[in-house]
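Structure in structure tokens, see below.
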Amino acid sequence: MDTLPTPGLTAVIGGLDLVGIAVFALTGALLAAKLRQTFVTMAFFALVTGVGGGSVRDLLIGAPVFWVRDPWVAPVCMGVALLAWFTPSRWWDKPVLEWADAAGLGAYAVLGTAKALAYGVTPVPAVLMGVITGCVGGIIRDVLAGRPSILMRPELYVTAAALAAVVCAGGAALGLPNAVVWPIAALAGFGLRGAAIWWRLGLPVYNFQQKDR
Amino acid sequence: MDTLPTPGLTAVIGGLDLVGIAVFALTGALLAAKLRQTFVTMAFFALVTGVGGGSVRDLLIGAPVFWVRDPWVAPVCMGVALLAWFTPSRWWDKPVLEWADAAGLGAYAVLGTAKALAYGVTPVPAVLMGVITGCVGGIIRDVLAGRPSILMRPELYVTAAALAAVVCAGGAALGLPNAVVWPIAALAGFGLRGAAIWWRLGLPVYNFQQKDR
Amino acid sequence: MDTLPTPGLTAVIGGLDLVGIAVFALTGALLAAKLRQTFVTMAFFALVTGVGGGSVRDLLIGAPVFWVRDPWVAPVCMGVALLAWFTPSRWWDKPVLEWADAAGLGAYAVLGTAKALAYGVTPVPAVLMGVITGCVGGIIRDVLAGRPSILMRPELYVTAAALAAVVCAGGAALGLPNAVVWPIAALAGFGLRGAAIWWRLGLPVYNFQQKDR
């Protein structure tokens, strides 16, 4: 580990983390509500969805797992579960939640990439850390719920995280200041995911017939 | 890591670990038997169920993974798989196994919480480490077997682990001696899980109709 | 960690790693193609299948995760995904791929065991690390794809990895030189897996009726 993050960078990273965690935790809790689960399951889903991606990233880059060392992240996830339990689920309309999730996705992908770079990871694995941070919580949530994960749907989801991560790592490689690169990268990811929601964009799928003639 | 565990505490933790591991490993091996799997799969299920929760806990709190550094835990899991392979599965009656699993659940939840606290984790994440230690092995077992996990059933299971973990962390916060708190906490978890088995207690599930009127 | 690997050993381990990674990544990418997924999903499957087993091994033995610290492994997985995307899947005939996978399985199981031993892990857990290195990438791939994992099929697959790992750990315990033990162990695993492919060998499954009379 050549370049350990400075305290200032760590603080910014911590702040960005909370942006994504609460929204992701809410998507987990609401899936549990939809599946008519108990409060305890709801809390477990909120936690796993909120911190799953960041936990896998921290383990892979050899950082202390952020939420285990932070006294606030886990209580926030539990609070989100309480909120989801005591409010009618129609408050959390699908469009509202989808757009909030898109914002969390962009922020989380940038955060994950930046943290990996700060720990001395080279660009390609660092981009993958951004994608993992943005998507793995949702993938674990879907696997636990026994439904096809976001990974298996042709919607642009993982791709939006990849775009944000690539812009972030590219900016860092060009030596541009983080204060410029990070917002642009997060907006790029949010914008692509937003376009996918708005115009129902998807990626082309592997085409057997054309290729296997 | 402010407070590394003392050698004495480590020994106690190691002992408690073995209580849960063999029973959990047996539930894994018997599920593989029920699914008519081979011995190798049975051994894999015994291992994953026995050490899965503790492994995730150790990774998250930054401790060396207990069974990789211990020459006995893995052989015990393999021995349990041999036992399950060579004995008729009716020896392992559902009620007997369920009660043994309940005891393991209580012990494991306390152990996980205590170990996390010993590694300087704050109370809320420490409680979650207790729940993870008690439940994650079974969840991985169920996901690998492709069946709905204990997480998704309304039965009080995760909740019993949560009770044991909360009592353990609460006692530690009040400064009570471990020798008093740990048995009480483990008994509380075992008692709640036992009550759930005996009276078929479950938690209420999220109620759409009532809340979404 | 008593015996840290020497630079020489690390280089050999790195080389063996690449043998398995590209083949495993290809099996992941081709499964995604068969499931008619997008390029991004294909790349994710290639990565997870290629590095999944080695990542879990490195986390469990406390080593830095190999592909996060290596600038080449992740690009190789992305390259394999590109190759799978732009070529007709009939190029990657099932028999060819199965035999290449068998070779990767043997090499990976030996590598995983040797790396664990080099990090001071005792023989039984070290053998399990070999099995994990060989099989866990494929298991994660299958769970993500929502299909029964290699673990649940009676075919000799996990068993072949176990044979290679046992031969490797046994040779080390007898003090034989690695240059002799490693090729023999890898060939033993490859041979058993090859025999299973050729003669469709399987292990016996747990027999209820016979044992439960």
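Going in written order, the chains are labelled A, B and C, and every chain counts its residues from 1.
Just so it is clear, contacts are C-beta pairs under 8 Å (C-beta built on N, C-alpha and C of every residue); 3 or more make two chains touch, one makes a residue touch a chain.
Worth saying up front: this structure is predicted, and the values here are computed from it rather than measured.
Participant: Over half of interface residue numbers shared between chain A and chain B means same, under half means different, so which is it?
Facilitator: different
Participant: Rounded to the nearest 5 degrees, what is the angle of the rotation relating the C-alpha atoms of chain B to those of chain C?
Facilitator: 120
Participant: Which whole number of Å gives the spacing of the CA centres of chain A and chain B?
Facilitator: Result: the chain centres lie 29 Å from each other.
Participant: At which residue positions does chain B touch at least two other chains?
Facilitator: 59, 143
Participant: Provide the residue numbers of chain C that touch chain B in the complex, in ascending order.
Facilitator: 59-62, 116, 121-122, 124-125, 128-129, 131, 139, 143, 148-149, 151-152, 154, 158-159, 162, 202-208, 211-213
Participant: Please output the residues of chain A touching chain B within their complex, sorted ascending.
Facilitator: Counting only chain A, the residues touching chain B are 32-33, 35-42, 44, 47, 55, 59, 64-65, 67-71, 73-75, 78, 85, 87-90, 143-146.
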